[in-house]
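Supplied in structure tokens, the structure appears directly below.
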Amino acid sequence: MMQAPLAGRKSADQKTLVEVSGLYFGGREFIVAAGPCAVETCEQMDVIAKGISGCGARLLRGGAYKPRTSPYDFQGLAEEGVPILAETGHRYGLAVVTEVVAPDHVAAVAAQVDMLQIGTRNMSNFELLKAVGRSGKPCLLKRGMSATLEELVMAAEYIMAHGNSHVVLCERGIRTFERYTRNTLDLSAVPALKELTHLPVVVDPSHGTGKRSLVRPMALAAAAAGADGLLLEVHHDPDHSWTGDGRQSLTIEELRRLMFELRTILPALGRTLNYRFSVDEQSRTEVMISGQENHLSLAGVMPG
Amino acid sequence: MMQAPLAGRKSADQKTLVEVSGLYFGGREFIVAAGPCAVETCEQMDVIAKGISGCGARLLRGGAYKPRTSPYDFQGLAEEGVPILAETGHRYGLAVVTEVVAPDHVAAVAAQVDMLQIGTRNMSNFELLKAVGRSGKPCLLKRGMSATLEELVMAAEYIMAHGNSHVVLCERGIRTFERYTRNTLDLSAVPALKELTHLPVVVDPSHGTGKRSLVRPMALAAAAAGADGLLLEVHHDPDHSWTGDGRQSLTIEELRRLMFELRTILPALGRTLNYRFSVDEQSRTEVMISGQENHLSLAGVMPG
Amino acid sequence: MMQAPLAGRKSADQKTLVEVSGLYFGGREFIVAAGPCAVETCEQMDVIAKGISGCGARLLRGGAYKPRTSPYDFQGLAEEGVPILAETGHRYGLAVVTEVVAPDHVAAVAAQVDMLQIGTRNMSNFELLKAVGRSGKPCLLKRGMSATLEELVMAAEYIMAHGNSHVVLCERGIRTFERYTRNTLDLSAVPALKELTHLPVVVDPSHGTGKRSLVRPMALAAAAAGADGLLLEVHHDPDHSWTGDGRQSLTIEELRRLMFELRTILPALGRTLNYRFSVDEQSRTEVMISGQENHLSLAGVMPG
Amino acid sequence: MMQAPLAGRKSADQKTLVEVSGLYFGGREFIVAAGPCAVETCEQMDVIAKGISGCGARLLRGGAYKPRTSPYDFQGLAEEGVPILAETGHRYGLAVVTEVVAPDHVAAVAAQVDMLQIGTRNMSNFELLKAVGRSGKPCLLKRGMSATLEELVMAAEYIMAHGNSHVVLCERGIRTFERYTRNTLDLSAVPALKELTHLPVVVDPSHGTGKRSLVRPMALAAAAAGADGLLLEVHHDPDHSWTGDGRQSLTIEELRRLMFELRTILPALGRTLNYRFSVDEQSRTEVMISGQENHLSLAGVMPG
């Protein structure tokens, strides 16, 4: 393994909480981010934000800058999409996360949202990693679709080495020969990354499978594998999504059912859903007495 | 998809129970098979069988015929290993499963054990599939390490087309570029196979990850993904296993901890652990009134 | 790398010639084996054998035992196909090679043909490798579709450790994510295998690409990469082949054009096409004075 | 396949020449670009440029902006490296090509060099593709290490849709399970891309194999597969290269030997090496009467 002095785990019990506007990735709460592939209209975002908020999701996701394989496909609303996402999410008490695709967009987007996303195609876009590092904004870093775990850890190291320790890793499926699923969701990446790093790890079963029917079981499996949360594509009308990614999007009703099942299974795994963790002394103590989470440190904050 | 009239699922609620000496794969019980990579000695098998039996495992696994990459590695005890496995397992009330590697071994092995295993290297050894089909013996069919799900279903179809409907599928990891794990365990295969077929599906997280530390989280994840059971490598002294596969074997103590955790999580998933299902009318009724399992059929038995 | 004392190369200039009925794989002649996917009828084989013989091919290939993904597809003429292949090939002065798929077929097939083939699905069918080893018959060993080069070398080691040193390796494409081609033909396997072993290496661009239009350029590239020959699917009427593999089969006319091009390019690579190498002293000397082939040994014959 | 109206081939004989400072990719000349992984010093570049020029290479390559997996590895001389590359190359009559890694570097780099390179990690960095498209500068577009051919064609379409038709595609190896080589060089991509597009295709056997000993045979094989040229890592002192990529770099002496062999084999393939193609009427005619290249069009020039 390459040296990753910042991202690498230094002891078996080292764990870092990453705060995103009052939410803590890596803590006891299992955090669900949900939303459409792309920001389409104010009305669409309002319906979806309201829906996912009512189900217990914590973050609203939605792409304004969309990396698309074809230059002729809908490329996202770009700078017009970001404020729609931010205002809608915040209206419903949701933090917002969106993808950045070029170094010179980072500052403007970071000023409006709670968390920046580095997409799978940009995991090794080192200039973008550096820019996100310099921004200091919490970052959701997706694994490249053919990246090794070591490379993912080194991508996190880039961001951290440029001044930003607020990094959450995301497994989103890798490319294999299998054709029934769009990608092969590598859930072993969750415990493996927790051996390699001290960073929180979330899972995107929507892109990871590419099939709506597989999202629910893989979301439960991600929780059981020890993931700290989920990134889910949810659309109020998947069959008419502008990006054609509806085949992997849950409806709001399906999200509700999934959240119900997560609520059933998570306690057996020592986790909770949508329990607003606050870093006052009481809850901090509560976390520290739990067996598994006794050496938490807050990203960017010196322990002491 | 190719036509698989026997293995393919004909309706969304079609599910088949596969009986193995009184155990039912695909029923409410989540079934754990455990044991060493290879049958080594009577003493080794006795210690392990006693240990896993005490933890709640149902089947004893162990290789007598070992497919090894090098012709100079320990090739298993062959025909001498089968009776050791069978006698030890049965002494502790465990069903036994072992791998067959050539068509002309099938009959002799089938006469002694409760379930035959087709290993990953032989999933497309069609002559072996036909021989196991003709044997009528319950079969654990492992996915080839680079086999698509469609090919796995067609391998099951071979066995079934030759007269044996008692097939349990097993996901055991596929080959990818990732080097931290030995294979990439494709848990999405579990719900995907349940869409494609009506057969039970189990998971082997030992070979699937190749790392002892990843077996536990992936076993829990497999359960959450909907698997019907697990195949686990367990050795009383992994560092001295004759095949060198100790790095992916649990100790008996580690198995005990995993079984405890499974017992905690399974009820939230509507499953039980080590609850001896018997096909008398009462329990059958019990199964039939549960929401998820209302169209069970018993492999090899005409519904009616 | 694992230890392969028999298949592994011991010095940079160690090279082995494998004789197949008067032909020498690994010598100066670049050897072309051609023929249909499956033996269908006497008439089909006659037309094809006549055609390929007229183009300069040296071996007639054709499957009698066909490993097919579906049990409902044409499985080959089995024991009835072997004599058709053998008689037709020998009538036109062609050596014949055919696949064996079960240990107990080996002796009967070996008695009729000049070379046995181990197919990609059986590269790790160790019982079959042992049986072919014991047969002593020259063997064309195909790389498993997800086998590493090390595993291919170890498969050769199995055959050799069981008494048969007449092994020719065959690259036939590996499984990747690419979907335009059926497999990804790994031509770097040719020089890599020549570093790892002293055995001849041939290439199958028909299965390796799965597309007729790519066979010609990849056949030329294989020659340039240093391959010792080709295995080509050729059918007189590809659109009506019984196995549906016609989309990767050349017509006889296309084979003729390819042979013409090979004849143009091979001299620049220090090779010849269809120059019947005979092991009398004169030609042996001729080979030994050529720069690249000065430490030839004949498989199964002690150098001295 | 997605629609690629600009990059896609519209007829079987459509072919485009891409001019780079008087050189024509896609014409009869087989073009070799060579140079070190990274620009290190003026002295290093001088020795290498002089050496490769003397061997018949046409372009000098060398990275000023180096995408490195670790943030702690040498990241290239950046804007200081570009003029060193350009001046040294031009002093020896070589065109120069270098990688760009961020949209806002493109204009400055384009002003100094003859050709921009998009590296494998940035093939789906669509903002960079757009910037290179707007620059109008000839572009060497490398296939992403896990990109399908369709995705590579669509990446070219991005550049072309933003105004730049001077695109040369480059196969540089894909990620597979094989560990003996660093990547698996997919030479079938060469004829496949020539079916899918009308653009020139070159091959990088240095990154494609990661092993110096495999570069030579794979370079010859690339030529035989129909490639229009090569991109080669060459260093005067590979064991002391600053990036540690010396294990895949040829020495100048090894390049000389390879060029000699290419000169031997290319005529049999209807190609020449280092024959300065000039678009005066005479040579144009010469090209047009050759059988295979009769519908050439010059990139960016309307046929008429």
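The letters A, B, C and D name the chains in turn, as written, and every chain counts its residues from 1.
The working rule: a contact is a pair of C-beta atoms (placed from the backbone, for glycine too) under 8 Å apart; a residue touches a chain by one contact, two chains touch by 3 or more.
Fair warning: this is a prediction, and the values are worked out from it, not measured in the lab.
K.L.:
Using the contact definition given at the top, which chains are in touch with both chain A and chain D?
P.N.:
Of all the chains present, those in contact with both chain A and chain D are B, C.
K.L.:
Counting residue numbers used by both copies over all numbers at the interface, does the chain C-chain D contact come out same (over half shared) or different (under half)?
P.N.:
At the contact between chain C and chain D, which are copies of one sequence, the residues are largely the same (over half shared).
K.L.:
Taking each chain's centre as the mean position of its Cα atoms, how many Å separate chain C from chain D?
P.N.:
Inter-chain centre distance comes to 34 Å.
K.L.:
Roughly how many whole angstrom separate the Cα centroids of chain A and chain C?
P.N.:
50
K.L.:
For chain D, jot down the residues that touch at least 2 other chains.
P.N.:
Only 146, 150, 175-177, 179 qualify.
K.L.:
Write out the stretch or stretches of chain A touching chain B in their complex.
P.N.:
On the chain A side, the touching residues are 146, 148-150, 174, 176-181, 184-188, 190-192, 195-196, 208-209, 211, 213-214, 217-218, 220-226, 264-265, 267-269.
K.L.:
Under the stated contact criterion, what part of chain C meets chain A in this complex?
P.N.:
Touching chain A: residues 146, 175-177, 179 of chain C.
K.L.:
For chain B, which residues are in contact with chain C within the complex?
P.N.:
2-4, 67-72, 101-104, 121-122, 124-128, 144-146, 150-151, 154, 157-158, 161-162, 175
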